[in-house]
Structure formats: structure tokens, C-alpha cells
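Paired with subunit B in one complex and with subunit C in the other, subunit A is shared by the two complexes that follow.
So, the complex of A and B:
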């Protein structure tokens, strides 16, 4: 029994971080129809930001989180302006973005590799290796903090989408771009803002990831498949769906890791992606996903 | 006196494609209901899109209260008081009725005023108040059309344009839609209406405009148009329409 609780807790801890990683991806897909294969490489960029903040100046990664968010959001604005804005009207936009973001992912990986080399790194604030104990069950502090902060950020994102004026505009644009434009929404600005927010969330996820997982520039390949499985399962473009899929799959993966073998843990995500695409390509939660 | 809205010699098409409209015009009188009729593909929707600024005119002009609307985007014509409900209704299916109405007032900068106007809309359309927190996409066709039409009123427009509001609705509901159209006109709002069902449309209109192959065949009071023999010809060479 204790073992089961233990594994569930570890799964939940990872689920929170994956949920944050996936929500940025979902947002960008929902609003812009961009399948952003560069998202995980941008998460790594966020992780490096937190890493160097800690290494060079001893700044806690949780304090670096807003810095990484803003920095990555700014990179998002730049990427959007350079690569996506002009092509937004093209009929093959969504397909094209797959190749485009693939190329961007390789460029970011190359740039990070050239600057920081491909060695394994992990940010090591004291809590990263510490744990709370409840009886014999231990809760790693690093994962707990990362999971809690992820949920907080996702909560803020949901409230923003639900109640703010820009949030209304983003949801409206996701559901019916032409109708939103007709009512006076500047849909191009909405695209830019959601892209920036989505990439900013990658930065935030990176800062949290940096003390939960060890990372290196090429690590993003591993995450692409994981994140794709979460987003597809959640119904492409649904943040709520992505969050549910993240927790569900992470818990399952934790059990697979504990009882089948840790090398099989990652396979859980790929297998889930495979099964979902085979039997329920629209995702687990419905035909037409919405952000919330 | 400058005319209220002048639509003259409009030529327009999509992209580099052929001219879909070629010499379309219509007279618009303030506060009246205008019904544009014509066979499938005549260019009725295209004409409304040109007026709304969704599609630029290649030739001709749209002049609203003395101002040429050439080159204006849809949100700019909206700010000038011309609201448009396209054939597809343009709702946000996964937003609630209230949220859809709020989107209708998106360009208002005063949230309090916007919500006050939404309350007025609820008084006029009690069914929308009943459904306020329901997703728009889960309502019946008639309710969705009511929402789409009501949503335009939040900005207190001078002209509203409805593209086939009766599309896909049961006859009883269609009558309700036309009652709403009349009610809107009685408040002094000018209505431009596209209708597939010529008789039904003209019976509820003051003015009729007949479009065929991208040009205006003729226009006149709704009664005149309704009884014009050319109408019979237009609709499948003599099929009875009146």
C-alpha cells in the first residue's frame, strides 16, 4: 500500500511539470494551429536560463522563473515576427509549421550546444535533493515545489483566459477566427500574444524542469514525443485536456517504471500516443476541443 | 442631402478569381428593411461582405453618410455603425451566451456599460437570459440565430446586415426570425437582409433588390418586386413564387 501511494505521489509530481510543458504547446496550437516542435527545445533554453542564474549568482530557480518566462516570451515574439506572421494566411500553414518548427528546434539545439556544450546539467538548490517524509512515504521537495508552482501557473493562465479581455479574444479567435475579426478583435495581435505566452510558459516550465530532471541541449527530442502524446491525448488545443492527460499518463508511467522497469516508463507515453491515434484520434475528451 | 448608404457599380471577386459581382447597386433608406434576393451564387453574400469590408471592391463605391468606406476593415465599418451577421452566423460555440454577447461589445471600452447593454438585450430576448450560461453551440438553430442577431445590437448599430437568417430553420422559427427583424427595424435600425426564400423575405421587407449573375436586375418597393413577372422568370423559368 505504501508503495502504491509512493509511486502515485511521484507520478503526480512529474504530471504537474508535464502539464505546464504541455499547456504552452496546447495554447499555441489552439490559437495559431502551429504544431510547435520547437517547444521542448525552448523549454531547455528556459532551463539553461535558470541554471546559469543559480550557477553564476546563486539565484534560486524559482526566482529565475519569471526571468526565464519573460526572456522566452521575448524570443517567442521574435520567432513569431520572423517566421510565422507573414505565412499566417497560407492554406498549408499548419503543415508548413511542422517543418518550420522542426528547423527552429535544430537551430536552438545547435546554438545551446555551441554555447554551453552537451554535458548533463541540473540546477541544484538545496531542496532539489531534499524530501518530506510522511511515515515511510517520501515526497521529494523539488518535485513537490515544481508541481505546485506548475499548477499555480496553469491556474493563473486559466483565470486569464476566462476573465480578461485578451483572454476572451484568445478564446474567441480559437473558436472562430473570422467571427472574432468581424467583431473587432485584432486576430494577428492575438496570435502574437498567445504565441508569446505559450513560449513564455515553456520558459517557466524550463526553470522548474531544471531542478527536476537533468538536461542537455539534445534532450528535447525525448520530450517532443512525450509532449505530443499529452497534447494529442488532451485533444489538440485543449489546456484542460492536456493537464488531465499529463497527470493520468505520468501516474501510469510512474507505475510502469516501478513495477515493469524504469526504461519502460517513457514508453508509456509513446504507447499511449500510438493507441490514441489508432482508436481516438480526436483525443480522449471530445470532438472539438476548446482551450478551457 | 447626402444619401444614408449608397452602393454603386460594385465589381468584386475573391483573390485573383473572376468578378463575382459586376455592376451591383442598391438604394438604402434609413430605418427600412431591405431584402436582397436572387438565385444561388448570384453574389448576395458577396455584396454584404463588400459593404462590411470583408472583401475589397475592385470598382464602385460604398458611401455611408457621405464617407467612402473603401479600404476599411470589418472592425472599422463596425465602429462606424454597420454590423454584419454572415451566413454561418459567426458564433463562438464553446463560449456561453453571455460571453458571446460580451464579444459583441468587444470594441466598447467600458465593461460596465457593456454589461448594462447586455442586460437590455436580455430584456428584449428573454430566451437568451434563460440560456445565459449555456454554451452557444448547444442551443437550437433558432436560438443561435437569435443570439447572432441580438449580439449585433450591443453596439447600437445604424445598419445591421443579416445573411439568410432563416437558413435551416423550421417554418415556425423562420416567422419568429422575421418578427425579430421587424422589431429591430421599428427601433430605427436600417436592415439589409439576404433571403433565399424570396416571397417570405419580401413580405417582411419595405424594399426589394434582385441580384442575378453578380448584377442588380432591378429594385423597388417590396410589393412591386414581389409582383414583378421577371421574378417568376428568374426562379427556374416560371416556377411560381407568389
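So, the complex of A and C:
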């Protein structure tokens, strides 16, 4: 029993971080219909920001989080301006943007690798290796803090989407781009803003990741399929769905890791991705088959 | 009486159409410079003669590497170019071919060059089965599922003890002097590359290829026009896996070891895609030109900078520039402008 609680807690801890990683991806897809394969590499860029803040000046990664967010949001604006604005009317838009983001992922990986080399790194503030004990069950502090902060950020994002004017515009554009444009929403501006927010969320997720996982520039390939499984399962574009899928799959993965073998825990995500694509391509919470 | 008349007129129509098509084909043949690829092939077949006068192993290696990429890119092109299903996971079949032939070589000592067609068939069988599953979705969903395919394969091969896990298996090296050691693989790879390009030409000019092109333009219309799209797509997937599997078989023995980190890295899949985009997706000459250019570029980059990270950066940059400004690739863009030199018109 104790072990079951323990495994569940570890799964929830991971789920919190994955939820933040996936929600930015989901937002970008919802508004722009871009499957952003570069998202994990941007998360790594955010992790490097937090890492160097801690290494050089001893700034806590949680304090570096806003810095990483703003920095990555600026990179997002740049990427949008350079790569995506001009292609919005192309006929093979969705397929082409996938390849384009794949190329961007390689560019970012190459740039990070050339600057910082491909060694394993982890930010190590004091809480990263510490834990709370309740009886025999332990809660790792790093994962707890990361999960709480990411829940806070997702809560803010949800409130922003629900109550602010830009949030209305973003949701309207997600639902129907043409209708939103007809009603006077500046869809290009909304696209730019949501792209910046989505990439900014990648930066925030990166800062949290930097003390939860060890990372190196080439690691983003391992995360692409994991994040895709969360977003596809949640229904592309649905942030609530992504969050639920993150917690659900992370808990299952934790159980697979504990009872089958730790090497197989990531298999949970890949198999889930395959099964969802096959049997319910619109995802658990998606309304219509977007990708078909 | 009446039905017989219809039969005879329809026969006339068919023969007239056949004659017309023949004329069109003859005219197309005149603008095509078939001698050019054949001349290159003959030149490359004679290239090892240089070994008599000096040591040109590096040059042979480069040609061999280019040939392997030509075979892989042209194989990928059958699915990604003709049918329009972009796969970022085709190195899985490279791995399947390499591992199948490599394990046979390690266990029974049968050379991978002899086993290459069998390895190709094994890869094609896997391709058929995987295609039945993943080709149910299209567009971005298919691309995502192809990446997941690589991840699953990597996890399986890394943890499969029979094939050595992450450390892989060392294969016996051939018993030849270093001067001639590369030759069997050189000729094998050249043969595979030539076969792949020739097959892709034949496929493009067949009814099957026409169906694939219809699928890439508009799958729903193709389906309603009576094309069995599912069978066509899955078959194209299996055929492209066949050629890539054969390449993997020879490549594994050439390297004398098989290991997940050689076959199942995403850069190889990215290279296949990039070569086709660079040269021109859906053309016969495109993958060949893309492969030659990319191998040359990589060698230049490694020689100049020496760092694989910059190599990844450069690959990404070329891919982004091509996608943004020349999505049709070199052959496609030139053909669109009517400036395609005759020697590059292989379609």
C-alpha cells in the first residue's frame, strides 16, 4: 500500500512538470495549427538559462524562471517573424510547418551543443535532492516545488485565457480562425502573442526541468514523442485535456517504472500516442478530428 | 452484333490511345538524357581501378556513403515524395535491415551482401505491418507517429539482449587486404542505389505511381476515383522500407558493427527527408542530387569545423531555407521555371 502511494506521488510530481511542458505546445497548436517539434529544444534552452543563472551567479532556478520565460518569449517572437508569418497561406501549411519546426529544433540543438557541449547537466539548488517524509512515504522537494509552480502558472494561464480580452481573442481564434477574423479579431497579432506565450511557457518549463531532470542539448528528441503523446491524448489545442493527460500518463508511467522496469516507463507515452492516434485521433477531449 | 461493334470501336480507341501515349513517351524520351546517369554509373563502376595506381580509399568511402544515401533517399521518396506521406522514422527500416543481416552474419557467417535482398524483404514485411497501423492517419499526425516509431524501436533495440543491447554486436571483418577491402561493399551499395533509382523511375511511370501521385494531391478524390488508397499507401510504405532495409544490411557489414546509436539516430531520418527536399520531392533525380550535395556539404563542414554539433546546426539551416524559399527543391524549382538542364531530367 505504502509503495502504491509512493509511486503515485512520484507520478504526480512528474505530471506537474509535463503538464506545463505540454500546455505551451497545446496553445501554439490551438491557435496557429503548428505542430511545434521545436518545443522540447526550446525547453532545453530555458533549462540552460536557469542553469547558467545558478552556476554563474547562484540565482535560484525558481527566481530565474521569469527571466527564462521572457527570454524565450522574445525568441518565440523572433521565430514567428522569421519562419511562420509568411507561410500562413501556403497550401501544405500544416505539413510544411512540422518540417520547418523540425529544422528549427536541429538549429537550436546544434547551437546549444556548439556553445555548451553535450554533457549531462543539472541545476542543483539545495532542495533538488531533499525530500519531505510522511511516515515512510517521501515527497522529493524539487518535484513538489516544480509541480506546485507549474500548477500556479497553468492556473494563471487559464485565468488569462478566460478573463482577459486577449484571452477571449485567443480562444475565439482557436475555435474558428476565419470567424474570429470576421468579427474583428486581429488573427495575426493573436497568432504572434499566443506563439510568444507558448514559447515563454517552454522557457518556464525549462527552468523547472533544470532541477528535476538532467539535460543536454540532444535530449529534446526523447521529449518530443513524450510531449506529443500528452498533447495528442488531451486533444490537440485543449489545455485542460493536456493537463489531465499529463497526470494520467505520468502516474501510469510511474507504475510501469516501479513494477515492470524503469527502462520501460517512457514506453507508456509512446504506446499511448500510438493507441490514441489509431483509435481516437481527436484525443480524449478534442471535439473533432483536427489532424485527419 | 451491336455489342461486337462496341467492342471493336473500344478496341480501336484503346489502341489509338496506346499509340498516342507511345508518341508522347517518345517525345519525352528525346528531351531526356538517359546517357548521363548511365555514364556516371559506368564511371563509378570503373573508379576502383584507381586503386592500382594509388590509395583512393577515402574517395571510395565517399562514393559508397553517397550511394547508400541515394538508395535511402530514393527509397524514402517512394512514400514521402510520390505518395506525399512524410515520414521522419524511416531509419527504423535501416536498423531492421542492418540488424537482420548483421545477426545472420554473426551467427552463420553468411555475408550481408548476399542476405541484403532478404533483409530488405524483412524490412518490407515490418514496413507493411507498421504501415497498416500508422497510415490510418495523415498529415502532422502521421509525422508524429513516425517519430514515435523511432523512439519505440530505439527503446526495444537498446534493451534487447539477444542483439547486444545498447553495445550492439561486432561483426567479423572481411579477409581482404586494405587495398581491396572496400570493393565488395562499394559494388553492392552502387548496385542497390542504381536499383532503387531505376525502380523509383519505373514506379513513377506505372499505374501504381500514378495512383500514389493522386493520393498525394487529394486522397479523398483519389479514393472516390476508385483507387484502393489503403493498399497503395501501405504497399508504397513496404517498398520504401525494402530499399532502406537492403542499404542497412550492407552498411552494417561495411562498418563491421551494428549498434542502435548508428542506425536509430534521428539525424539519419532527417538526412533522408532533407535530401529529398533539397533535390526535389517526388522527382527521380531529386534524391540523387540531394544526396550528392548533402554528403559533399557534410564532408566540407566536418573538414572545416570538425564538430558534429555545427553539422546538426548546418543541416537544420539548409532544411529551413529550402522549405521556406524552395519547397519544390532544386529539380522541382528549375522544372517549374523551364530551366531544368536536360542531363537532370530523369523523370
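Structural remarks
Quick note on the criterion: the second predicted complex is superposed on the first by the 286 of 292 C-alpha atoms of A that agree within 3 Å, B and C clash if a C-alpha of one lies under 4 Å from a C-alpha of the other, contacts with A are read in each partner's own complex, and residues count from 1 in each chain.
In the analysis below, a contact is a pair of C-beta atoms (placed from the backbone, for glycine too) under 8 Å apart; a residue touches a chain by one contact, two chains touch by 3 or more.
Only a predicted model underlies this, so the values are computations on that prediction, with no experimental measurement involved.
Touch criterion met: A:273 reaches subunit C, while subunit B stays clear of it.
Of the two partner chains placed by the overlay, only subunit B lies in contact with A:171; subunit C stays clear of it. In the superposed model, C is the one of subunit B and subunit C that contacts more residues of subunit A. Contacts of A:281 after superposition: subunit C is touched, whereas subunit B is not reached. Touched by subunit B in one complex and by subunit C in the other is not one residue of subunit A.
Those residues of subunit A that touch subunit C in the shared complex are 35, 37, 83, 86-87, 90, 92, 94-96, 98-100, 102-111, 113-114, 117-118, 217, 221-222, 224-225, 228-229, 232, 263-264, 266-267, 270-271, 273-274, 277-278, 281, 291-292. Of all residues in subunit C, those touching subunit A in their complex are 86, 88, 133-134, 136-141, 143-145, 147-148, 151-152, 155, 158-159, 266, 270, 273, 277, 307-317, 319-320, 323-324, 327. Listing the residues of subunit A that touch subunit B in their complex gives 165, 168-169, 171-172, 175-176, 178-186, 288, 290.
Considering their complex, residues 52, 54, 74-75, 78-79, 84, 86, 90-95, 99, 102-104, 106-107 of subunit B touch subunit A.
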